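Next up: some structures, all given as structure tokens.
You will see subunit A twice below: alongside subunit B first, and alongside subunit C after that.
After this line comes the complex of A and B, so read on.
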């Protein structure tokens, strides 16, 4: 909120990086023998036209969620690489609650499912923070490593003990219809509103609360926060809990709103965690900027599907564009640092 | 002595942003000489050594080795040209053997393989020649600190270092190990090598060095021949201003104890504790000064008193409440304010605004915060008031403090900590690197704290500051308080001797 450099500098840098990425992507498309203008036009139409906007928002819901899950710790100088694990735990818990608590009224089951998913994801992330504060296990590594058992165990659960025997596929049973998230229009469901509320809340907390101030000060100078009396261990655990809770909620939203069951691998294949991490880095953890970056990536990726459908250019190109944007920003960062 | 010096640095300038870390530094080291480099933290010693070892490039100035002008582009380049350095924290592979560590990067080869027989032989011969006996096949991780240091020295000698930089080599050694090191140093210089000896310990400088160069604020403050100098001269050169602004003695009656520490012990590197059973009391209405050459446990003492560093023994009371083992927030809540030594890295968040910096510690209670929400208007208003009251030169409350000069940044820190109105104030090097005007202002503020009936613990390496402000002076040496001197008896000579670790009687 406080201008560190002139306020427009970071967005300006982001726009410049995006332009460079578009240029490099264009050259790649030309090299592959396709028309870059047509390809880019399909990305725009396929993501922003009225017909595709709901697809974009539906894709953006988990992506922006994972962006926030990455951005919140980053605001305090911490990195949560364990989004995948926290998300699948949330997804599985979110599916099991309505499936195995029958008899509850639908909306209540959905609400319970979301809360349970947030708690589960949050506690799992907080465990990594506890390891750091109590046992000096670097969270950067532990959060990532803890993802693998989480992914493995959720996969095991839907492959063996709780597999849907009707289909024989590695997935849970279907969630009762009453407990699914309300459909708004087309692919859009209540999840997008839940995520919007979480986003507003994140920006509000960052800008106006004591917790937001303390987290920003920690990110700005850890030793200053320690010296000023900020309780760093508690802060780390609460921050990671919040981050993991959002990741868990993302898992539950996808399960309750789009897939209606926990399907092994389905939450991970779109790589929301990593796109979200990139978006969060792009904004340096500032929540509003991170949300904007997350929306941009969501539009890019959704447009990529249209591009792949309508032209001969594969949608992997959008991932290339995303990476080039980050690389250019990182380079600018490095150059600026050397110059001072 | 040869006429061509082993090492000559002329007019070295190194700038980091707005600060001149080295400002026209000249240094000449003769062959066969032990040359001590002294100075407070931040005086520019580390920068100078980094330049001499090729880790940093000077912005201006020339380097000559054995009379030849050289440019040292990297440590590898410096090593190739005959420089060697033993860092304070050793750069060894603990899992490898002594000989593997020593030849690393310059291994004798036989075809594709390391010729371990030749390496072992060379090291044995080297050790014998210099009286540095080590078992070449021992794992470094199993060796004592003193022996590891020997390995570091052998590593430099194996690369045929002519000039050896020892960066605070005795900081981690026991007295016996130090004596061994000095013996080693004499043998090396008898061999025609030169040693640059960076240290905080006056006694060692007097004992072992031939000449001393004293740095202060990035400049050479004195070049002294050890045999013709006294510890007091060196302290004076290091701490600078001898103008004693004698402050009016305390008006307030010395009151109840506000800060009490008993038997504080803090673990240090190696076997010696950084803080060894230190007890002190600061009463209401007095300033207690802690004098001492930097690195004798002052930082550890302050960190222990403020909750930043875990204690291995002892108790702390702030304004009557026990805070032993509490975190920083607990100490502050009991009534402690703290002006830290390092205003940029500890005392402020440079990228954040003045308002945010001034709010720290006040940000979680009224009037700045209510029900977990921060009142931005109140935060800005408070900053505006403090900026005016403390005459801080800044564009406004929303400007980041990273752009401020040292003196103004220090005023931000001082303003914040004094506005706590805490009964206990710990002021650590409150005027280091601050101009004369701001220094006088900060001194007046400290005296005002005292006259209000607060207790002030003043830690400073500037003897004149200690002497002019303190009602009592405690002298720290090697992690202990070795003397308490009342204001009436404190003078530069007596304190200077104590700072060097000698008792007044023995002097």
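After this line comes the complex of A and C, so read on.
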């Protein structure tokens, strides 16, 4: 039997994988004719210097949110690939509630919008889980495929029936000022605190509650969990609901806090879902580690903007770095297992 | 229904089926040897990019195809060795590969061609259409096939070849053994790991061809993330076909028609945000229906 690995093994492996990625990324930068040290230095300065720290945190809010949305099912051995769909549904619902319920006082409208977004995203994700538990439709694929109609419908809605006729762009009308999330300082708004609260809650539930224990049990041994009395179908649906609800909340936070309207494509182009999934994989679904990985990726991407500006190395390089980290980690896992 | 089988729809259906078919064959081969390949999307994307780059720099469509195969095979080394020698989780590896493909092609697009979004150039030689005027007027099938790229014919030939190899040759028996009973195959002297590695690489070549058809087969441009979910649809075709090339091909035909239908509806003035959903809705429905059926069969057994 495999002995229990010491606690530092996974972080150590993650750091090794990151070093490998930095090395490969460096070669790609050299191939493009730029100086890798200068490029990497810009990433560090552009993300961690006092002036850019608030940008990093602002970028981290949706990214860490999508990290948690991916990490929670992963903890139980499930994969939610449909974060994009759940996020845009949340974003659209989150925008429409304050726009079309204008009589409500601002903070109440914002609260209602967040709740509605969480419900909508959660139900959409739960539908994929229900398909798996009730009809045996593999959630791994169905959750992903369900994103396409969700993206299509939200895109259609803001392009045609509910388009902002004043601008003519594919976007909804503006959200009334009173319903927007409170600005804290600079780019930061209340959303970062909401996300921090969700993060704390996720770690707390994972570490101290029965539900968290049962989910971890499912992740390490499905049959043992069933034998121990965990109602697996119910657990799958609730877990996916939670995951989708967080994704939906992310959509609403971006809409209520930064964009003030639902803009077609704006939630998807930063690829929060995929970065979040990779951060969650990096920590194997453990919430605290996933949050740390999500923050790291957010810093990497925010620094990427500075790198692109200062050294003309395309910032999409950061996406390459992230995927190389995951690939190396997936391999190392195997080597370690083979050695035991 | 017969009103829908117009020459236009038939031609766009066959066009849409070609890359799906090639990618699904790649998935079938991998599935047969017990490697669940979810990286088709990324492999196709790498192939599509390399095809454009190859055609642009070598000034020939054949050069583009060669580049697509080569690049996709090299890219597939990650899955081939990752899922065997390094014993990584194929799901994690494939997710990583899809993102790597998306990031890497976008990066190279900027570095090599200095553009973002899409790249097209008069220097790119597209795949010529093989025109067969003889069959042009044959209703339905003739409409679909009279003017398609060579890759369409390659894809159809490969469906036959793969079925033949899998079910009629000793090699096929060994391949199926590697997937179904790896321990037994190992005992009989089959090098399971080597079979898996080589098969995944051959699958990579097929997915690369699928990518070449995407970028060089129709308008000769590369667009970021231009595989646009087709690799996932091919994965579903593999699942529906239960790793049987003929069944998977049938599923591809269904999805290809759904794609053609969406093009048709768009030409009728429906917004493309809605029509683009058609292939995915059909895919989801097919996934649901096939698994439901399997479900009831199981309950009947019990």
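Assorted remarks:
Basically, the second predicted complex is superposed on the first by the 334 of 340 C-alpha atoms of A that agree within 3 Å, B and C clash if a C-alpha of one lies under 4 Å from a C-alpha of the other, contacts with A are read in each partner's own complex, and residues count from 1 in each chain.
One rule holds in what follows: a residue touches a chain if its C-beta (ideal position, glycine included) is under 8 Å from a C-beta of that chain, and two chains touch if they have at least 3 such contacts.
This is a predicted model, so every value here is computed, not measured.
Three-chain overlay on subunit A, with subunit B and subunit C in a clash. In the superposition on chain A, contact is made by A:213 with subunit B only, not with subunit C. Once the two structures are overlaid, the count of subunit A residues touched is higher for C than for its counterpart among subunit B and subunit C. By the touch criterion defined above, A:152 reaches subunit C but does not reach subunit B. In the superposed pair of complexes, A:173 makes contact with neither subunit B nor subunit C.
In the superposition on chain A, contact of A:55 is made with neither subunit B nor subunit C.
Touched by subunit B in one complex and by subunit C in the other is not one residue of subunit A. Those residues of subunit B that touch subunit A in the shared complex are 17, 306, 308, 327-329, 331-333, 338, 340, 345-353, 355-356, 359-361, 363-364, 369, 372-374, 376, 398, 400. Residue ranges on subunit A touching subunit B, taken from their complex, read 2-4, 208-214, 216-217, 220-221, 223-231, 340. Those residues of subunit A that touch subunit C in the complex are listed here as 28, 31-32, 79, 81, 131, 135-138, 140-142, 144-146, 148-149, 152-153, 155-156, 159-160, 274, 277-278, 281, 314, 316-317, 319-320, 322-324, 326-327, 330-335, 337-338.
Contacts from subunit C toward subunit A in the complex involve residues 38, 78, 82, 85-89, 91-93, 95-97, 99-100, 102-104, 106-107, 110-111, 116, 229, 232, 235-236, 239, 271, 273-274, 276-277, 280-281, 283-284, 287-288, 291-292, 294-295.
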